[in-house]
Amino acid sequence: MAGNTFGTVFKVTTWGESHGTAVGATIDGCPPGLELSEKEIQKDMDRRRPGTGGGASPRKEPDKVEILSGTYEGLTTGTPISLLIYNKDAHSKSYNHLKNIFRPGHGDITYLKKYGIRDHRGGGRASARETAARVAAGAVAKKLLGKNGVQVIAYTVALGSIEVKKRALDEITGNRLFCPDTATAALMEEKIDTVRNNKDTLGGIVEILTRGCPAGLGEPVFDKLDAELAKALMSIGAVKGVEIGAGFEAALLTGSQNNDPLTPEGFKSNRSGGILAGISNGDDIVARVAVKPIPSIAMEQETVDLDNKPVKIKIGGRHDISAIPRIIPVCEAMVALTLADHLMRQKAISSF
Amino acid sequence: MAGNTFGTVFKVTTWGESHGTAVGATIDGCPPGLELSEKEIQKDMDRRRPGTGGGASPRKEPDKVEILSGTYEGLTTGTPISLLIYNKDAHSKSYNHLKNIFRPGHGDITYLKKYGIRDHRGGGRASARETAARVAAGAVAKKLLGKNGVQVIAYTVALGSIEVKKRALDEITGNRLFCPDTATAALMEEKIDTVRNNKDTLGGIVEILTRGCPAGLGEPVFDKLDAELAKALMSIGAVKGVEIGAGFEAALLTGSQNNDPLTPEGFKSNRSGGILAGISNGDDIVARVAVKPIPSIAMEQETVDLDNKPVKIKIGGRHDISAIPRIIPVCEAMVALTLADHLMRQKAISSF
Amino acid sequence: MAGNTFGTVFKVTTWGESHGTAVGATIDGCPPGLELSEKEIQKDMDRRRPGTGGGASPRKEPDKVEILSGTYEGLTTGTPISLLIYNKDAHSKSYNHLKNIFRPGHGDITYLKKYGIRDHRGGGRASARETAARVAAGAVAKKLLGKNGVQVIAYTVALGSIEVKKRALDEITGNRLFCPDTATAALMEEKIDTVRNNKDTLGGIVEILTRGCPAGLGEPVFDKLDAELAKALMSIGAVKGVEIGAGFEAALLTGSQNNDPLTPEGFKSNRSGGILAGISNGDDIVARVAVKPIPSIAMEQETVDLDNKPVKIKIGGRHDISAIPRIIPVCEAMVALTLADHLMRQKAISSF
Amino acid sequence: MAGNTFGTVFKVTTWGESHGTAVGATIDGCPPGLELSEKEIQKDMDRRRPGTGGGASPRKEPDKVEILSGTYEGLTTGTPISLLIYNKDAHSKSYNHLKNIFRPGHGDITYLKKYGIRDHRGGGRASARETAARVAAGAVAKKLLGKNGVQVIAYTVALGSIEVKKRALDEITGNRLFCPDTATAALMEEKIDTVRNNKDTLGGIVEILTRGCPAGLGEPVFDKLDAELAKALMSIGAVKGVEIGAGFEAALLTGSQNNDPLTPEGFKSNRSGGILAGISNGDDIVARVAVKPIPSIAMEQETVDLDNKPVKIKIGGRHDISAIPRIIPVCEAMVALTLADHLMRQKAISSF
């Protein structure tokens, strides 16, 4: 059973390769009556677009999204919503020299071992280009959430070893790194320049905050809300770790330190990250992901070719220095898709 | 859509409350012809049982598993395998005083908000007792994996702030904490005693190592192997974070530091944790989880009752000091269930 | 991917072999707050029990159902409901002589070809005994439907070539064949006796009527209500055909004859069987199934053994003459499970 | 949970409205390495196209299919295959007068009751145009089946009350009705003319024959092969009944008449239709569907408008006289999709 569908009630299937004709998503299960336009979806597409952000690649894709079905006179009809984004600026030829080589840190070797065949051009389906379809679908999920008072915001909290000193949400849109600490963002930009000059790349940490989520979302015991968020976020190519609330720090705390006391005014702290026993508790939902450095580096690396012969490789082409900040709308999309699905799952049982 | 089923091809549905009649699991999709006996499953059950391990609770459950269907003359038949474990030592009355109170750090409040009703006795379905069914099903998954040369081993790498100094797999079974560093295990046991005397509890970190996993498992783009492992592990009650390979450390590395070079003899390092682009690469699969301290503490805590009135609570009863080590077979079970499912998913496409 | 789960939101997984320890069902997704007792479920179990009805086998099974989880103080809690029915009167030894022989009209040969192994005792999982679990789960679905004003009633409309002349619903419980025409039922009983004396068996037709179903159930384009009903009913062992409303007769009509005119008072006729474009229209839902004669006949038949050698077979043991009437609660159960699932699916989208 | 996905391992999601921009399908789970071209898919598209066949509508759609993803150098890669068909000849304006009226026999009223909104143009998603996507996806399934020696052929066996007298498969392509009896086909064409002149429409019966299907496909107890075929076929708009093998006739037979005796050379007859206990037995699989007359008739009919006021309606526009023969490739597609899925499901378990 292949794995290109996410969600169970608000269900998204994505398709498309980096250098194929197009990428796209079909949403099955969006409720009827939701206002939806290409223009609104485009806003999120533009945030994810190549060429934006500090460490971003110069590939120029308009990333223009088209709604092919599922709406009528500006409203969703309850039928499947097909979203299409043509690939325009694919330079497939620049990948010809990679046809017989496995790039370190990439899925070249695993795709071949899995399928026995691969579309090597630009990483095929393993390319970050695939996330364009996630962002388009996520924009629809956000509309549904917005109508229900739920808001998802992602931002950079660390780039390499540089961490933010504050989380001023109003500063996020004021810098190219979507960083809630403008002063630190400037240091991060400097770091990117240094690393670019070293022909290297950078990782970091993104935090995703959800406000206004009602209590009761999440389906024990396997589809708990934190479990589903972990899957959603770990399914993004560059992510190597996910934590909720106190996360790995919780391992260092005692029960009396980690428990969030309840008071008539609500929880006194939020080390749970808004989720108890896999179900949202009405507080802010807080998740963080570890983003690995982009594996395409201009520096020379050791690898092997299809015949398992050792070769040296330098990856040119148009690559980002860090998946941050372009990964940020993708993180938002994955959290939004998870919450939209669980909102609908909860509606199925709550109205009896 | 409720969430008590895990997997898509090797599919497990669990049921049962802490203080109900029984807990159990039904496996649908186990291939025929696999040798299976209650005795073998029992081995894993015994490792998870109350009363074992350093910080464990004194609740005495025989946890005797019965196979009610799906086998014939010692072999699986391809039909559903029903596993049943009766609850014997449930002291439901000792929970009567908690009927109207929300325990901090527990799902009491979220279950009520979600379902409008709850079986408060012993935490109901939110109790760790639910994991008995996971371990039983996981033992079947391990049999399938074993037949395919795959082995899953979990062990303690940190208890509170005490970290192991080595990973000697042959030392794991030599101490009650399933710790691959006997000397450190002794320090951990001391720490447990101190914390117990403080009426508090402890968290820690468990690592799960998979050896012998073939390349090619994992289903991009949403059911990537790392995404599914993250969900599987995060679905365990006490887990607040999951990382694969270098995990959160990868955020601090550059691309040249983090990429695993390929050589004719294989990967030179394993910072990917055995997974590239969501597909196993044939190397060891390495995951780690952050385990929060058990929320049931004997110390007095602030909370509210059903009428949102402030109350003080001290949780007596029979509780563990740490989810470690009893969580260890549960972590193994969840990884085994994930891999068994993906092994079968890959078989579906690979034989054409 | 195995197939022992039915439904998507109100989801039932059944397990168990005819001569194994027990059969059972787990319902995941039943809404909380539904009154449920073993006693109520037992009523439907008793209607399906061996030994009841005109042509029924003398196997004596108490078919006592136990609820192992998912309820608290008489109400469902929203967690999985595990239903267990022990097998008591299994005479496995009487099947020993069939171990190496394929019974005509049975799944003996196909189970072996599919799984490479089979539990031959009493037909294993292919036995009609499996339907006990369906009836138990169906009783829960009926409770949910009842609370929403929906009622499902099945009855015999033909036994062999003897057809009912009327559909007097109040006569159904007045005869052992659940026939809405008592006079015809008497003729049917006579026919059963004749056929039994001939060492042969009989087929027939069952109609399933649903009253009170709200408009709007069914999920185009693949999970249309009629499509799902067809699957549900055809999944019953003895069923070889399913029709909705006018059914096969519709093939003979013209559009002007077949269309149901709409009037301010509702539809003027119901040749659609209550379903238009795969969605319930608020009218009665009418389905019919063709039930094949039971393949276990006492008459001598040609067949082959495991070595593909020709052999003669006479099937003794305790067998029904017709699947009617015991199939009737099974038909009701499958329709009820389908409608309960679709009722919940519709709730998921309708409340936004 | 919406219902626009068919299959579990070979999984197809369709989208698109009759008068929207396009219709399409995404196949997730097609094995890699299958030769696939737009040209081949087009062959089946052309058989379903408006304007072909005896009673067909004059709407002119090129129905040109485009493969947007999932193939590389003429081979499938194992990634999702996106198929797109633009709508060219949609005359939406000719539906304006129907905006406020419910057409008898159509889904107009049920779509509105379900979703609270509808795209009335050309029936929206309830239009037979939706089946273009099924046929495109079915063509891919046929390729997979063909590689495994399985062939699916559908043909007309009755139009209204005119039944074929023989099943000469080599005559099927010799007439516009895909009828295996050319002489009878001529009578059917005459009947169509008469009925057209009467401003009425016609139903009929289609048989779908599968040759070369290996034994072992089908997943008891709910996803039996006959159950899944029943769902697949009943999900086609015009179908009101489905039968397998002897079908409804089996209700009239005794066990000794209906059982297919086994001999060393195989089954002596095929009243089972190639399926025993829900699993293919290696024999031909035979299914038949009852096709209702097309509800769009030029004759005046009674109906109501949105305000539940009585109105008269005559449906002009470009409509077929019978869903036969255009439904024939759709029937083939649905059987092919079912078998491709079950072939893969069986591979998942059979290779251990």
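First chain written, first letter: the chains are A, B, C and D, and each begins at residue 1.
Note that in this section contacts are C-beta pairs under 8 Å (C-beta built on N, C-alpha and C of every residue); 3 or more make two chains touch, one makes a residue touch a chain.
Remember, it's a predicted structure, so these values are computed and weren't measured experimentally.
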Query raised in the report: Looking at A-C and A-D, which pair shares more C-beta contacts?
Result: A-D
Query raised in the report: Taking each chain's centre as the mean of its CA atoms, how far is subunit A from subunit C in angstrom?
Result: 46
Query raised in the report: Hey, how far is the Cα centre of subunit C from the one of subunit D, in Å?
Result: 26
Query raised in the report: Once you find the CA centre of subunit A and the CA centre of subunit D, what distance in Å lies between them?
Result: 39
Query raised in the report: Can you list the subunit A residues in contact with two or more other chains?
Result: 1-5, 8-9, 14, 29, 32-33, 78-79, 114-116, 125, 220, 345, 348-349
Query raised in the report: Which word fits how the chains touch one another: line, ring, star, complete or other?
Result: complete
Query raised in the report: Quick one: in the complex, what on subunit C touches subunit A?
Result: 1, 8-9, 29, 31-34, 78-79, 144, 147-148, 220, 344-345, 347-352
Query raised in the report: Quick one: in the complex, what on subunit A touches subunit D?
Result: 1-5, 8-9, 11, 13-17, 20-24, 26, 28-29, 32-33, 66, 68-70, 72, 75, 77-82, 84, 114-119, 124-125, 348
Query raised in the report: Which residues of subunit B touch subunit A in their complex?
Result: 1-6, 8-9, 14, 102, 104-107, 109-111, 113-116, 125-126, 130, 158, 160-161, 195, 198, 200-205, 215-224, 226-235, 237, 240-264, 268, 272-273, 275-282, 290-297, 299, 301-304, 308-310, 345-346, 348-350
